[in-house]
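Some structures are shown below for you to check.
Next come two complexes built around subunit A: one with subunit B, the other with subunit C.
So, the complex of A and B:
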């Protein structure tokens, strides 16, 4: 939707030397925001992984009257049909996280390859690829996912494909922007002269040089993917309507916010902390990458 | 991109317009292919497994499915150009009749949100840039960062918890606009949806405004203006602001376009009677003509806003004009 707020998506941020991903991560950990983000994301991921094993009740077990308030048996009360909110909270994060990670990774890979190829080609291929990306970007992410689900049905693979498809052009733009100044540099011409195969130039020479902006954009896209996937479930289009899902829970239990707020508030808090966490990590990496650029400019 | 460097500003605008039209044409192909030309039978997808052969045949005729695919596309696209969007399957009325009033409602929602959020975020961003690293800057930057990460429906439900149900009940939780009346008849119904959209947009615009303003404030010409002894107000309003706004236009347009998608979820949360909730309903009801019309409409708005952003950026940034 929106490039990384102009911090490092501009071609001017192209780096003089490659920043290793590990060193960028390490440096960004000096910032508090990155640490807080990692703690938040770590806690929520842990909750999603361990949750199903420690849940006190089955995710579809009826344990009391609908919308009953928190009690010893159900610490967060019950939901719209009398299931345990805590157990559903513990069970409901896995599918969102897994779908978001797979979809973002797929979009990241496709977008990076397309963006690098476009920047490297600098000819008609560049135009064709990037205008194709424009076509996909003319659809808001939620809308394309909705249309895909309308036509094919709410299956996991449809959602993954729709998110990956809408993530790729946004990544491709950043990758191309970052790669454009790099492909003009002498070491690329040198590799070409030495007869290095094209795929090696792209992945060994070019790729490490655009990692900084890519990592920033990737964390931003992950934040959005989580939001869109949860929103689809919220709109009533979860792949498995009966299963616990944070988005579905908010939708099912929000009518009773005045009497039993936890049914909707608990998954709201979970999603909010998760996306804030990924957002903070992304911002930490962005600041670090921008800081490295500034320091180099002063050299 | 500008391989054909001729024609100055008009030429540039014409080229962008042409490019936008080409993208729109491609979009129409994608929408059509996705909704109608897919392998499989759209009529059966709409009516479900229990449909009788007669009703299937009737619907196929209705959707022109008995014609060749190219013919179907041409019928659809020429209807689209003449403002004939077909019949809504769920409502049994022309799509234009179904969507017309809802389009007005949604436009009002987006317009009010834009009018509220843009000056606000420009002010926040400029102020944060002026008071860089002071309390206001630190607070607003971190708060906006946290808000930016929240999905809109999460923001919306949090606002409902805070202002319409659990914590306090000062505003209605449901913003239905009854047929025959406009959103202006129900101002209190607009508050929460608008607030949600403002929170969704303001972080990005104010963030880019802050970055852009900081860059401008460090530039030589602002230094020069200050050294000339101009009052700080004049320096800000006459010299810094116009130049800082350039990159912001792009982000504002992107965010307005984003609003076009964001209203789908926000309208659904508040049961607001607009095109966003119409899209959600059409998807659930398999009402493909409505899905097609809305997909084309939202994509067209998106392309148009991007176009305007490019032109506006060029117009407000003198140094870019010479490069055309």
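So, the complex of A and C:
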């Protein structure tokens, strides 16, 4: 035990401020756009998860003539070969969502690590990593995914890999940009002086401080991933062409848009609502982060 | 509206150039006052100093003179009469035409107030064009004249430079030239010398003094530095918690202040002839919205009586031109003003072997050598102050010792064992024995971790203790730095600057270091907080027997903490010796110059003699 230093001041007596404000995500929930986004995404994820169990018909069951209009038996009518549109809609979201989430998450992890490492290195590694990212970014996302699927085949892992690969550089840029001012701060130097291992500095000291911009970028990337995967399916490059898939459905049923619009419109609406939802969440987080920054700046 | 050409002949101050009555600035929707009940006037040619610590509302008052309130604030009531206008009755458009014309502003940070993409000559011309309604052949001549006034070269090559090609002092001179360009009646200077070295500061201050006198301008000089204000202003207003607590002539105020806060503030200023402890002010200023009903200083005041808390005391005259907002002012005035606390018992620097020694240390950034062959030693129980201006290499030396700056050669020995270049290659024990406290407590604490986690970190890294024991150690350290154990659960952004620095000190000391490096640890803090932190560090250093390297640009502060002082100039050690000896009878011309340029209350009177002071005497030639 060491005795307390003889000092008259005891700032602890001064007013006690409220406990720490809630996290960025919790704060962003105060915004309507975030709530609406969350409701949209939640509803569609729920639809994709429980859809297969509540679908009135099998996804490949023929229940009537092609392109018949909505009826009691088929609330959204039938598709180009007489399958139930509602049942295919309920079955067709899972694969898109799952692929998109896994691919985005993989890209997010890779991009974050690369971006933080580049920002922290402050040497040739920074250039090597980021110029490598630039090379990948030179290819449009859909193009690269198309080439990969065309060369290797429409396997799930190929799609995941192609999307993760194209997502990573975009995340890396954001992560590096957010990390650059943070690595210059003295608490990083303090950890260095103590000899904290580099990986701990990256993940324990640095990572929590760039979470805000990363979350915004991640939700934006998820939005794009959903779009790309749906586009690949639309172009006939879904892993399992027979299975229901929102992208495939649009492609199959678009010829009858004037006769039986639901076959194409239902999956279009589903994809639109889903991407709007992820977009709104990202926007909400971005606004909250900016609001926090503004409030800090005003201090 | 064109601003009337003002008489530029020096003349006796006549009448008030600006009159502020009962000014209140409040938070916009809630109406919580940030500053209230502000009344003062400034005569032409007079400089009024406004001093106060951060959050006292001094900048808010300064901006109000331009009819401006920061975002989220509005001028709620009162009146400001300036150049024949009631500022608060004017439209935003009319105000805009007044600003830069009849009233102008010099911000704190010249680097961010100048447009980095435009040449300085163009920026100066813009100021003239904005108020004369277009280009004019005479502008080039006026720009040259302005440059001469602020003692800058007026040649074309200099005017074609960009702001980043100028030094901080030159940038601030450009800011001054812009502010004086349209011959304003009133000028607001918001801590214009805060980021500058003492020598540069002395020159900028004498330029301000000369310009205000030459052009008969009423100036409001906002500052946290009482010594600077004492040497510049004839009258001084002291602000605390959004109110003027005392206003009077500088001479009277600093000789015999009537408000307890002013007295404590003066007591917290370190002085060159000191060698005495500094007295901080206990507690902290209440923020707007949580201010007590009575005197806002009452909770921190040693002379508090119950009446103090009943109503806000009025600002009343205790002498001609000396107003005090304290019901016990007579009592305060009756006491003798003591500038400093008790003499500090500093153990003589031991003759024991050096705890830390530097031999021929040469440090570089890239190819540029910034520290040339520095050798110095630090014994156990000793505090060595390393002083010098910015760019003198003092922080580079400190970072080299801590292993944060890798590009150095020479020998640094800790307890007789040479150290590796970078912290990463040193043993854990070496890293533990050298601890570093950073300049800016706002940057040195990870905002995403609690105070407890921050202080625990060294314990985990060095594998000292874990779990419950670590928690106890943290609580112990928090007590040690005069915080409470309850702070462990808070995050850095819930703490004031002084509290953050205490946390940083706790983190440095939790692992029992032998050498403590303090890198400008008080430069981001208010003077009363600085006093408390220096007192704390001094006590800890003496109690724990630490060897401390105390880096600062603040010479008077050295006397209150260090036994020995090393003066660094352009990367070379110019002088090293006992603090009292070096600061009182400096052997080197550079040290003498540094001391002469350091503003202090003791030398303030000489400066006020306008032009008689050595710094002032050097100016008029350039102003011709």
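The definition used in the following text is that the second predicted complex is superposed on the first by the 277 of 299 C-alpha atoms of A that agree within 3 Å, B and C clash if a C-alpha of one lies under 4 Å from a C-alpha of the other, contacts with A are read in each partner's own complex, and residues count from 1 in each chain.
Assume a residue touches a chain if its C-beta (ideal position, glycine included) is under 8 Å from a C-beta of that chain, and two chains touch if they have at least 3 such contacts.
On a predicted model such as this, the values are computed, not experimentally measured, just so you know.
By the touch criterion stated above, A:209 is placed in contact with subunit C alone, subunit B being left untouched.
Looking at the shared chain after the overlay, A:125 reaches neither subunit B nor subunit C.
Contacts of A:147 after superposition on the shared chain: subunit B is touched, whereas subunit C is not. Of the two partner chains, neither subunit B nor subunit C is touched by A:109. Once the two complexes are overlaid on the shared chain, A:250 sits against subunit B while remaining clear of subunit C. Which of subunit B and subunit C touches more residues of subunit A is settled by the count: it is B. In the superposition on the C-alpha atoms of chain A, the part of subunit A touched by subunit B in one complex and by subunit C in the other spans residues 1-3, 5-7. Contacts from subunit A toward subunit B in the complex involve residues 1-3, 5-7, 33, 127, 131-132, 134-135, 137-143, 146-151, 223, 226-228, 230-231, 234-237, 250, 254, 257-258, 261, 264-265, 268, 271-272, 275-276, 278-280, 283. Those residues of subunit C that touch subunit A in the complex are listed here as 70-72, 279-284, 286-287, 290, 399, 402-404, 423-424, 426, 428, 431-432, 434-436, 438-440, 443-449, 457-458, 461-462, 476, 479-484, 486-487, 489-491, 493-494, 496, 498-499, 502, 507, 532, 535-536, 539-540, 543-544. Of all the residues in subunit B, the ones that touch subunit A in their complex are 1, 19, 22-24, 26-27, 30-31, 34-35, 38, 45, 142, 145-146, 148-154, 157-158, 160-161, 165-166, 173, 204, 207-208, 211-212, 247, 251, 254-255, 257-258, 260-262, 264-265, 268, 279-280, 282-284, 286, 288, 291, 294-295, 298-299, 302-303. Every residue of subunit A that touches subunit C in the complex is listed here, in rising order: 1-17, 19-20, 185-187, 189-196, 205, 208-209, 296, 298.
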